[in-house]
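Shared between the two complexes below is chain A, which pairs with chain B and chain C, respectively.
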Partner chain A sequence: MDFGPFLLLAVMEGLVSAAVLALTASGLSLVFGIMRVVNVAHGEFFMLGAVLAWFVSQFVPGPAALSFALALILCPLVVGLLAAIADWAVLKRLNYEPEATIVATIGILYILQQAALSLFGPDARPVPAPVDFRVQLPWFGYAGYKLVVVAAAAMILTLLWVVLSRSRAGLIMRATQEDRDMARAFGINVDRVYAGVFALGAALAAMAAVLVVPITQAHYLMGGDPLLLSFITVIIGGLGSLRGTLIAAIVIGLTDGIVSTFFAPTLARIVATLAVALILVVRPQGLFGRTAP
Partner chain B sequence: MLTLDRVTSGYDAVIVLRDLSLSVSGGEVLCLMGRNGAGKTTILRTIMGLVRPRSGQIRLDGRRLDTQPAHGIARAGIGYVPQGRRLFGDLSVAQNLTIGLMARDRPQRTRETVLQLFPRLRERLNQPARTLSGGEQQMLAIGRALCMEPKVLLLDEPSEGLQPSMIALIRDTIDALRRTGVATILVEQRVDTALAVADRIGFVAGGRIAECHPASDLGPDSEAFHRHVGV
Partner chain C sequence: MKRDDLKVTPTRRDVLKGLGATGAIALGGLSARYAQAQSAEPIRIGFQLHRTGIGASYGRWYERTATAALKVLNDQGGINGRPVEILFEDDGTDPRRGAEVVEKLVMQARCDVVMGTLFSHVVMGSAPRAGELRVPYLVCSEGHHVASGALNRWVLQPGITDVKSQVQSMAPFVTQNLGRKVTMVFPDYAFGHDHRDFFTAAVAAQGGEVIKHIAIPPTETSFTRYFPQIPRETEVLYHVMVGPSVLTFVKELGEFYGSGARPQLFGFIDSLEAVAIDSPGLEFLEGSHFWEGHPRYRQDDAGEHEDLYRAAVGVDANGASVTDPRDVSTYSHMFSVWETLFILKRAMEAAEYRGPADRQAVVEAMEAMTEFPEGLEHPQGPKLFNGRTHQAFGLQSISQVRNGRLVRVHRTAMEDGFYPDEVDYTTMSF
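Up next, the complex of A and B:
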């Protein structure tokens, strides 16, 4: 293949990575931004989304598209509910102390991982794509489903953006993020906001996983990579800045796709990690973060 | 009527309020004075439920407040204007008011009342709160609290750092609220303002209300001010 088409392929692969990463990282970013909780278990919510999607594909009869649509709705709901329970049972009791919640979410990480190992087993399992068509370009054919992933992620993120910036729930979240005591003093049930935000963050990771699982397969250890990449994205974008997270996800996803296609996936990770180190030296608050007052 | 009955409260290791009792009725302005660190802000934070009392009871019209979560206390009808204003700085003026109005049934009417009280806010509805001048921020802080349609209004040094015309506006506002039957607890450092607006003045010292006098019994040279405020 010539360089031009090859680059096009790399960019398309990069867009898929970017879409999945943007969804996953925006969940992590919301939880950190609003609750100041560093959720180390975020990757496991991603994994649970994929694993649950496999269960749905196995046990719901009918055409793949139908069971997939069901998975896309059901899995984030179940994962979100689990996250809300974890928030209530663990994080709330720690009063959301930053250090304590890091340790606690590491614990949640292992619990979820081992639970998945017990119930789902150690093997990687495929989930069929809901649509099966190829886009035939002059130089290569491309799996149509990957374009669906990009479109779906863009739609979900647009919806998230509208909710945060235009709705009452978004206003409540922003007020809580700015000053949780004042939010309480003005009648906002902060415990409920936190449970909701933690659930939403986990549900976003689960949605990303359901979308990508027909491409990558489900496995109980698949949460590590998305966690690392999400952290890198959130740090580069500026902690707590959703806009920064989205832009960073696109840059990192594209870089990842291009470097992986031309060289090797490992090199892509090395490049991303080096970029974080470099950005942290130059701009410790991230690209879009604000300096602490 | 809001009553605190032998309330003990403080932070992790320190007890700031010991067996403190006070009460304020509708249409009354109780002014709290005391030295820096005496615990005036802690009294208001304890009423709001942001600091949990260790013992004692807080009641609004006979209903226990101290057993409720903080957001429930606010919704029960307490409006809070904290020291240093603590607006939601990234949110617009309108959104700051909306946060207060969300708890209420008649948001449109209340919003209109607040904007009539502070017309300057109407001109700046879409501006982020942090870009307002100091005086405008204080108007918004009071307006936001009034959006809660409070039965009791807690004001923590509202005239701190403001110019005389703004201080006069705040005094007039407190006076107008008194006539609508709101009970007010005002923390104030300035003797002249306290004497001008208060019905009673309580002096906070040693973790309790050390003395409390009708404002009409006090003058600018009263002993109590020397003892507890150091003027």
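Up next, the complex of A and C:
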């Protein structure tokens, strides 16, 4: 294949990774930014979204687009609710101690993974795409749905941005992030904010998974890669900075697409991990993070 | 009257006789019961099963096939008149856990032999432990690792042909009918490397050339990014993939070529095992060719044994479960479980197996075997067994996708797959 089409394909693939990564990582970033909780179970919320999407696609009759639309609304809600319960039942009892929450979320990771194995089974299961068209370029064909994923992710992220920066809920979240005790003094129910943020973070991961599952199939072990890449993104972007996370997701997604198309996906993973190490040495707070007060 | 009295009243001699007879019966009865107790002790076969992990769809069908074969075997009277049990233990398709499973089956569950492993990295991880435990380890894997001499005398593969033999016997069909410039896509671990090495050599021997190797990590979930590496002058794209993402792989391959020009496709059915060939997005496979170990769709010339086997394992004429048409079998691999179990029966009977002390005799009995005729015990077809390399050789099928079904267009000859021995396990110590 010539260089031009090769690059085009690489960029398209990169954009898809970037879109999914941006959604997943923004969830992780929110949870860390506002709650200071390192959520190791984030990838499993992603997996749950995909697995639930499969259940919806199986049990909702009618065209694929309908069941998919339903999954896109229902799955993040269910996963968010589950996350809120986890927050109330586990994290809150630990007073959000950083070390304790890491260990606790590792536990949640295994519980969710094994529950999925028991209830969903060990097989990878396909979920039909809501739209089925192919973009035929002179050099290669491309799944139209992948472009839909990019557009949908961009829309959801814009919505998230508006909610965080313009709405009252966003204001409360930012206030809690700024100073938890002061927020409480002003009558904000911090417990409820935390539960809500944890749920929102998980729901974002689930949403990313529902979008991507028609491309990759649902599988109970699919949470590992998104978790690793989300961590890389959040560290490079700056812990707790949503803008940093988005920019880092685009950079990492595109690098991943281009490096893995031109060279090898393993090399892309090596490059990303090295970049994290480099950032941690040179600029520990990340590209857009603020230094700890 | 006196005579009558004598008749009814037992004399001392009568009583003694009676006692003796009763004693004899009692003794005989006891000893018979004892003998029965010894022979009624079931033979326990440990089955290393990929119930979870990347081999799960194979594991599901290996378990069903083993259970079906076990029923036939026990209905026939078991092994040496003893009933047979199979203990399934999940290894998560993980080599490290594989070794632990072998140990658990042998040390804790007291299994007489261990069998059933498919994924070659699990075989590689478990075989040394089986050797240390001195337990026959019968793999159903296709990998060349047994015949290459990399393992030990306790490991045998009597139920399925290895990759080296498979690809060597198919290469002439590929170069003569599809094209001579081949690009290979394969998983980047032992099984894929067998394909890379032996198919490349086999194509070269036929005057063709493999112009590009594309290795894909077995845990990969997205494949489009690998396809631009396929050189434009490729005439045949040879693909073999494994794991849960195989459907994604073939789908993305179809998307990539779309309606544009594409090379001929020759796939190992592994790329589609447990996947319905009429899945949406796979229409582009129409007309392409696949290797099949055992034709998934019932062929018109299927014999009586094939039909008996198909019914016993619960597979319909389309290769799917009779209870769920969406649950497609791993038909090209699972026959090896069935056949291995019956070969084990023959070997244990030849060795007059009584207990773990006779394990070595089982291996030696198997090494002495040479031929397995087609029949209920060998529904996939006849096989030759090489006791020196511990490897079986059978017939391979090449099928073409026609109207969304796989139709066999070529069957290799036994000698197409022969190659010089690389090891003589019989000279190794136990």
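Assorted remarks:
The rule is simple: the second predicted complex is superposed on the first by the 293 of 293 C-alpha atoms of A that agree within 3 Å, B and C clash if a C-alpha of one lies under 4 Å from a C-alpha of the other, contacts with A are read in each partner's own complex, and residues count from 1 in each chain.
Everything below uses one rule, namely that a residue touches a chain if its C-beta (ideal position, glycine included) is under 8 Å from a C-beta of that chain, and two chains touch if they have at least 3 such contacts.
Here the structure is a predicted model, which is why all the values come from computation and not from measurement.
In the superposition on chain A, contact of A:D123 is made with chain C only, not with chain B. In the superposition on chain A, contact is made by A:F186 with chain B only, not with chain C.
In the superposed pair of complexes, A:L66 makes contact with neither chain B nor chain C.
In the superposition on chain A, no contact is made by A:V103 with either chain B or chain C. According to the touch criterion, chain A has no shared surface contacted by chain B in one complex and chain C in the other.
Put simply, chain A touches chain C in their complex at residues 1, 5-6, 9-10, 13, 117, 121-124, 126, 128, 132, 134, 136, 138-143, 215-217, 219, 221-222, 225, 257, 260-261, 265-266. Every residue of chain B that touches chain A in the complex is listed here, in rising order: 48-50, 69-71, 74-75, 80, 82, 86, 88-91, 95, 98-100, 102-103, 144, 148. Looking at the complex, you find that chain A touches chain B at residues 168, 171-172, 174-175, 178-179, 181-191.
Across the complex, chain A is touched by residues 51-53, 56-57, 59-60, 217, 220-222, 224-228, 230, 232, 244-245, 247-248, 252, 255-260, 274, 279-281 of chain C.
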